[in-house]
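You will see chain A twice below: alongside chain B first, and alongside chain C after that.
Right, the complex of A and B next:
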């Protein structure tokens, strides 16, 4: 365990980094290694990876915001999860790593007029991330649930591949033996080794500005103890929900929080004839036949989450829960044309989050869920349990017609883990909320450097995009702003 | 692409729905002396009456019409009578715009079952069933393409009846009949029924309803492309239970279809008014709602049904048919539409 900074009533630093996830840890490490005096504030605790079972309810309780239960309101409402711990989402996500496509980079560059955003530099930053996090495919055997997904896609002739992860395999080559190279094992120790201070268990309530310059942060520490931090620059990396909420609490308006973009996701549980459930790992294969509109993959499937996947049609499906070792949960994720909002409410701890799916989004969720169910039947599933109210149990191709005719997005358990775009970057101030390098419009020394900057959800697991953007902006900051 | 080897032409070919649009085109292709698909052997065609039979005999003297009714299995005794050697069945009979929803099931499902039973009993070599896009509903957006294998999402009564017919074909295949199926989308071309001339008239008058900008994707198939695909499905050895989309090379947008048909009409010497009928999406949604309500009550209204479908994407990917069958659609929309217009003119049909 690395040394944490003790709680004081007042701190000062040259650069305050708020948040210690994929954006914040990366930013802090680069700055500290350049000799900058960095203080990182993290709302959640430091939790050693070995002290918690990955993808467990215990982990949700300790490392997720609000125990993993947060909801974007809309029809349907969309449940989302955020990490709230040192390392942020990197401590709890699936560890899957995918570069954004050239089409995505071009869409961002041209759509938002992002300066100095060429593919070569961006992908060089991806190379750097991949080295730092040991991004690689599984050297040994995959989990049975991952193999099933691959087999189903293969039988249909649908494109699929194995997504590399940031994992090392010191204890064995098989998928479940991997050790996550999350921020608490990579960029955070690097930052601290270079002199950065890390203050956990402190929430930043707001930034205080004097005209266009922010100079102080007001915090709440353990036991509601108030604290302040004075700084020369502040870089907000609190994730696509908390970053705009903090900016709004600090007086920023305009486009901040106005264009939340996510990958809405629907799920199903598939039951096979033999035990396939691996409680502490997730599949690494994805079906990309319909990419980027639709992606299919495997979800965490410990018994609690299997039960959760069956609750929408509990009366018909509850008997299956005792067979959880034979069941795995899979998802269909879409790229969404809809957008959402994050609005800080005075007096409320958490912001109000809303999201509106378009008609095409809702249709695509249904088409995606049905196609995923077909993959499962081809993979040899005896029963498929889709997650929407009054869903039929699907055991044959004829049953797929019942799934498609009974589906409505409004009745589905839609969720997401990929939250982006609440402070989009670019020089087009009619669409962007921060400049091409993340400086928030309306202030001279307030920056954002996390998933909030991505102009939209990239259609793939976004951590690569988040980290490459963070490296790019941190370098620019060191070179030109200090 | 290498063409897969063809099996020999069967000693007898049985065509159901032979007096229909596809059935007539198919009979024409097989019976026309010197044609690309003309074949030796007997061509037995199921028709409902003597007038239909005479019309088919006029296409080629090898055609042997048999009068019978799919809805009355007892009337089909003569269909296989006296046939020896290899027999293939091309089952094109179906109903798409009936007065009552129940007719969908009597013709499309029960009729198919009847033919599957007869074919099994007579040791048919290969049974080719003509399905549809309708068991699969609509694509969620214009860029989506139905892959060869997709989950069922039947579009109302017709789609459900055609889905159940597919399931019956797969069941018969699993039980030992060498049955396969082709899935054509919206088709066009010579031998078209009168309802299709309405389509040309609407385009000529500039009154073809284009919804929400007309960017919807629609797969279509020219009738001769479909005949090619169907006969390849018959003659190329493939596993029983196989199924393929048979469509033109690529889907078109609705706007492109209207524009191309207009151009084909002009080039065939017709006057065409610019199309101005831009209709808000809500009209198609209202029509779909009315269609659904009527069909629940057991009734079917053709115009309302077609209007309700006009704002939908129905687009498929034919690459598996290309790979498995060597299918190569060689007629494009413009040329196919000109042929179709010319055929109407030759028949003295008023466009």
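Right, the complex of A and C next:
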């Protein structure tokens, strides 16, 4: 474990970085390695990666915000998860890595008038991230659940591929024995080695400003102990929910928190004739035939999550739960035209989060679930259990019509793990809340450098986008703001 | 801050206990108690706006439990499709089964303690 900064009632630093996930850790490492006096504040604890079972309830208790029970309200409400620990979401996600497409970069650049945002520089930053995190495909065998997904897509003639992960494989070809190269293994140690200080278990309640200049942060530490930090610059990297909430609590309004974008996801459980369940890993194959609108992949599938996938039609599906070793959970994710909001409410500790799916989104979720069920049947599934209220058990192609006709997004368990766009960057102030390099409009020295800056959800796992943008903005900050 | 409405002995805990009793009739009492405790702990930890909403809903549940009885109230909440109100049973069921099968993977569909099968 790296050395943590002890709790004091007052700290000071040149640059305060709030949050230690994909954006914050990257930012802090680059600044510290350039000789900047950096203090990183993280709301959650430092948890050693090997001390928790991935995707377990214990991990949710220790590393997720609110034990993993966080919801964007709407019809349907969308369950989401946020990391709340050193390393943020990188400690709890599946480690899948995908660069955004050139089309996505062009959409962001032109739609939000983002300056200095050329493809070559962006992809060079991706190269750098990939080297730092050892991004690679599995060197040997894949998990049975991943192989099943690949087989189903192949039999349908649908495009599919293996998504690389930021993993090392010290045991050679065992896909389930990879070591995650999350922020606590990569950029946070780098930052601390270069002199950055890391203060865990402290929540930043608000920033204090004198006109357009922030100069102090008010914190709450363990045991509700108050503390303050004085700084010259502050870079907020608390994720797409907490970043806008903190800015709003500090007096920023305008477009902050008004355009939450996610990849809504629906799930099903598929039962095969032989054991395929790997309790602590996820499949690495994805089906991209309908990308970017729709993509299919595999989810964590420990017995509790298999049971969870059956609960929407529990009375009809519960008999399957004893077969959990033969069951794996899969998802269909969509790119959404809907948007949500994050609103800090005075007197409340947490923000209100809402999300509204469009009619197209709801239809696409139904289409996605039906197509995913087809992939599973082609992969050899005996039964498929879709996650929506009163869903039919699908055992043959003939049952797919019932699935499609019975599907209603309002009755489905919709969730997401990709949250973006609550402080979008760009020079078009009618759409963006921060400038092209993350400085919040209306402030001289308040920056954002996390998933909040992405103009929309990129249609792929967003960590590559988040980290490449963070590298770009941190370099620009070092070159021009200090 | 801990809310008595969402405690094991409060209207939410009573509802959770009864729902599990109905849907998992063979679940041993000690496991049901542990599951209810987990569900209540998670409900206490939800973000504050959501907790306020659940709290308001649970006040109504408490009144209904006193006036109509726990069984009828539980039956109504299990079957309703009203927005947000219907989410209460869904939340308890989801948290409950996730905890139960992660903690005791050999649980039978009716909640009985052990089911014979070949482990993977």
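Just so it is clear, the second predicted complex is superposed on the first by the 481 of 482 C-alpha atoms of A that agree within 3 Å, B and C clash if a C-alpha of one lies under 4 Å from a C-alpha of the other, contacts with A are read in each partner's own complex, and residues count from 1 in each chain.
Throughout what follows, a residue touches a chain if its C-beta (ideal position, glycine included) is under 8 Å from a C-beta of that chain, and two chains touch if they have at least 3 such contacts.
Nothing here was measured: the structure is a model prediction, and the numbers come from that model.
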item	value
Partner chain(s) touched by A:366 [first = chain B, second = chain C, both, neither]	first
Which superposed partner A:275 touches (first chain B, second chain C, both, neither)	second
Dominant contact partner of chain A by residue count, chain C or chain B	C
Touched partner set for A:156, first chain B, second chain C, both or neither	first
Partner chain in contact with A:255 - chain B first, chain C second, else both or neither	neither
A:351 touches, of chain B and chain C: first, second, both or neither?	second
Touching partner for A:290 - first (chain B), second (chain C), both, neither	first
Which superposed partner A:214 touches (first chain B, second chain C, both, neither)	neither
In the complex with chain C, residue positions of chain A that touch it	56-57, 65-67, 69-71, 73, 75, 77, 275, 277, 302-308, 310-312, 314-315, 318-319, 321-325, 345, 348-353, 389, 413
List of chain A residues in touch with chain B within their complex	156-158, 289-290, 293, 360, 363-364, 366-367, 370-371, 373-374, 397-398, 400-401, 403-405
Chain C - residues contacting chain A, complex	23, 38, 41-43, 45-50, 52, 81, 83, 87, 90-91, 93-95, 97-103, 105-109, 115, 117-120
Chain A-facing residues of chain B, complex	135, 137, 139-141, 143-144, 147-154, 160, 163, 167, 320
